[in-house]
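Next come two complexes, and both contain chain A; in the first it sits with chain B, in the second with chain C.
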Partner chain A sequence: MLQVRNLLVFFENALAINDVSLEVSQGELVAVLGSNSAGKTTLMNTVSGLLLDIQKKEQRRGGERITIMGRVEYEGREIIQQKPSLRVKQGIVLCQERHPVFRDSDVLENLRIAGYLYTRREVKEGIEKVFAIFPVLRRLRKRRAGLLSGGEQQMLAAGIALMARPRLLLMDEPLLGLSPLLQAELAASIKEICRQGITTLVTEQFARPIMPIIDRGYVMENGRLVFSGNREELMDNPEVKSAYLGV
Partner chain B sequence: MQPPDVKIRRKRLDRGIKARTDSVFVIAAPGDIIYVLAPRVLPVVALLILPFFLSEYHQEVLVHASVVGLLALSWDLLACCGLFSLGQSLFFGVGAYMAGMMDYYLHLSIWIGLPLATLSGGAICSILLAPVVRLKGVYFAMVTLMLPLLFRKIIEASGLLGGTLGLSTRGSFPNEWVAVYLGIIVFLGVLFGLRKLIDSDYGLVLKAIRDDDRAVMSAGINIYARKVQALFVAGSIASFAGAFLTYRYEFVGFSVFAWDYAILPLAAAALGGPGTFAGAALGSMILVPLSEALRAMGGLRIASYCLVLMVSIIALPEGIFSFLERKYHQFESLVEVK
Partner chain C sequence: MSTIIYGIITSVILALYAVGFSLTYGISGLANFAHGALYILAGYISWNLMNYLGLPFLASAPLAVVACALVGFIIYWGLLLRVRGIPLSELVVTFAAGVAILELLTWRGFYGISYSLPVFVEGGVEIWGVAVDAQRLLVIAVGVALVVLLYLFVHYTKIGLAFRGMAQNERTALSVGIESDWIGALSLALGSALAGLAAVVVLPLGMMESSVGYEVLIYALAVAIVGGLESTPGMVVASFVIGFGQRITASYIGPKWMIIVPLAAIVLVLAVRPSGLFGKFKELEERV
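Here is the complex of A and B:
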């Protein structure tokens, strides 16, 4: 479904993503593991197209020059130069890190804004689906998003992403800053999302909470993919164990 | 377009000299000395020599550009500590009227009146705005927008300070050259002084207030006092501009509180690149002569003026000065990606 080939991303003269090739097929739940500054977020931004926007803004501001090279194919089509809005219409939806939500709107409004591309009926159905996956949100639907807890905001952010009807859902560090209990809960929800037929690519710093749910995983270090394999292979690899599982 | 198998990208390198000369001045090669000094010395020398080659009218334009430049610098200083002001005409007008009063009522000589008007103008402005330094962003802008209007209407309605007729003063500069050079030298002095100030520890605090005032507060610094101090400096600079023009035209009327003196400096700073001071100065040196040159276009003057402004701001949002500075410090080359 998604194929990234020989991706190179430069921030000015620094190499943020160094020759990364990865593949996600239909219905899979794939994780990209890596520490801070490994290039996970840049990878997500490249696939979602956000980087093109950042690139343009930096260029106008006279800031860092961002160079993107390589190929990103989605369902057989080259999309590396496509606008992010167009990619969303084709089903690539990014859920950014640190759960960005519209803080001054309530939960229901947040979800409605996110369903902007669809008809009123579809939005209603979508909201029901989100509430089915995250039952907590139903109870909080009239509360302002800024007043939700971190975990609830993360659920809302995931709900917002789901409202755009993704076929490929990109989740950037969804478990960041949550308690272990909530992490497990959210991981189960992510698995549920995947089970409903939405291909999911997750990035994470700590492998432990998402290890049980993923099909395959890649390990990134300093912009390079250093290891890839299915869950068992990842669990067995001694380096991954020591670095990301804390064993 | 190059063939897809040969990947070429543009590489950008900063000249290392800035890192070497930031605190320790050890520059050996003459090339380096020229590289560092040229952008500082050339404009200064050019500005100082220029009046000899200009007609009286063009000298007047240059002086006016320096006056607007002073206002733009004062705007930029306030912007540097997070105070977005739309009221440069307040500072300007207060300074102008202070000078008018010194001369009209107290008959002070210009060399006492001018500095006195400068300082008292700055003091009045900082006292007037001290209660509202707690406001941020658009709220501060609204207050500063209203105050000059208030002064204007008070003078218009009550007939104080000469009312609509204004004050005709007697003191003036001994001759044309003194006025021209005083304007230019003060302009340059303020420009380099502010650039020095903002690089000092004091300026660092001001910039920090703009970025995150609560963090500065929690470092134990009284940000309101700092903001009032910045207001005093900025107010004094703009008041000098006002007082200077009062003495030059030997007249002060309520038109000094007009919109122009609030918008022109802002436009100049936006054009040149806010936050650098040199940008504001450069912007006013472009805008004022441009607006004079467009005078021949009659009614279309303002329209074309607006057009120039809009195009430059859309095409070069970082500002002309920031753009030039960046290009001056950078090498670019095409390299092959392996």
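Here is the complex of A and C:
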């Protein structure tokens, strides 16, 4: 479904993504593990197209020069130059890190804003689907998003992404900063989203909470993918064990 | 009594001046310094449509509003797009566009006492012993209707919701398929249309000339700064504070001191509470 080939991303002369190739097939739940500044977010932003927008804005104000090279294919088509809105229409939706929600709007309005591309009826159905996956949100639907707890905001952020009807969902560190209990709960929800037929690519710093739900994973270090394998192979790898599982 | 009634009218007029400016700023963080120019442009366009094409005011006024929206859109797409994201350049571009429009109108001879728009409604009524003409009541009605309509617009329509999304978190808006430049251009078009709308209901109250554009910009800025940029309740309250301030000044000190009020208000607020009366400080509980 998604094929990244020899991707290189420069911020000025610094290499953020160094020759990355990865693949996600239909229906899979794939993780990219890596520490801070390994390039996970840049990878997600490149696949979602957000980086193109950042690049354009930097260019306008004469800021950082961002260079993107390589191939990103989605369902067989090259998309590396497509702007983010076009990618969303084709089903590539990014849920950014640190639960970025619309803080002054209540939960329901957050979801309605996120249904921008769809008809009123589709939005209604979408909201029901989100509430089915995250029942907490139904109870909190009238609360302002800025007043939700971190975990609730993360669920809402996932809900916002779901409202855009992804076929390939990109989740950037969804478990960051949550308590272990919430992490397990949210991980189960992500598994459920994937089970409903939404292919998911998720990044994470710590492997433990995400390990039980993934099919395959990559390990990223300093912009390079240094290891790839299925869940068992990841768990058996001594380096992964020490660096990301804390064993 | 007359101070109160005319204070309300002045306040609503100020709110009408400011609403488009605040709206654009609230959505895309864009301070449109061409706002006053667009205001007077609407008057100029509708005057010309009436006097050269013979259209009735009821037809020329909406056309002028639409024309303003178009000019706003063109300012965004043609000029602002190149400097979007650099606040100072945005300011220079919009101010330059505004000066260009105003000086163009002056060059076309749009000053003096020969230009005025007809009122929509003739006659007047007496409220608690104070004579008020119908046009001023219409101004109040338009002001109130506008607040209600805008509220419904931003909370219940697709574009309105996209506006709210953009205003709050541009990147999240982008990642659900909302295009920031398109929405930015629309927000400037809507703000400009509101400047035009204010013009066609307020201008019939007096003479018009190109220099009014600068005045309107100052009022819009004063209201936006005093109320706190991005805050709608702030805008309404600030309109009333400055409006009544002006009326009271006019009644007790003298009409020539009226223009001091918005300027003094700007200075005072910037000195004492720079984010405005209702400006948003990040609330503690939101810093999760």
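Brief remarks follow.
One rule holds in what follows: the second predicted complex is superposed on the first by the 247 of 247 C-alpha atoms of A that agree within 3 Å, B and C clash if a C-alpha of one lies under 4 Å from a C-alpha of the other, contacts with A are read in each partner's own complex, and residues count from 1 in each chain.
FYI, a residue touches a chain if its C-beta (ideal position, glycine included) is under 8 Å from a C-beta of that chain, and two chains touch if they have at least 3 such contacts.
Keep in mind it's a predicted model, so treat the numbers as computed, not measured.
Superposition model on chain A: chain B and chain C are shown in a clashing arrangement. In the superposition on chain A, contact of A:69 is made with chain B only, not with chain C. In the superposed model, A:10 makes contact with chain B only, not with chain C.
Contacts of A:132 after superposition: neither chain B nor chain C is touched.
When both complexes are overlaid on chain A, the residue A:61 reaches chain B and chain C alike. By the touch criterion stated above, A:117 is placed in contact with chain C alone, chain B being left untouched. In the overlay built on the shared chain, the residue A:103 is in contact with chain C alone; chain B does not reach it. More residues of chain A lie in contact with C than with the other chain of the pair chain B and chain C. Of the two partner chains placed by the overlay, neither chain B nor chain C lies in contact with A:188. Once both structures are placed on chain A, chain A residues 60-61 are touched by chain B and, in the other complex, by chain C. The touching residues of chain C, counted against chain A in their complex, run 82-86, 155, 158, 161-162, 164-165, 168-169, 171-180, 283, 285-286, 288. Those residues of chain A that touch chain C in the complex are listed here as 48, 50, 53, 57, 60-61, 83-85, 88-89, 93-96, 100-105, 109, 112-117, 146-150, 153, 157, 160-161, 163-164.
Chain contact summary for the complex, chain A toward chain B: residues 8, 10, 12-13, 60-62, 65, 67, 69. Interface residues of chain B facing chain A in the complex, by the touch rule stated above, are 7, 9-13, 317-318, 322-323, 326, 337.
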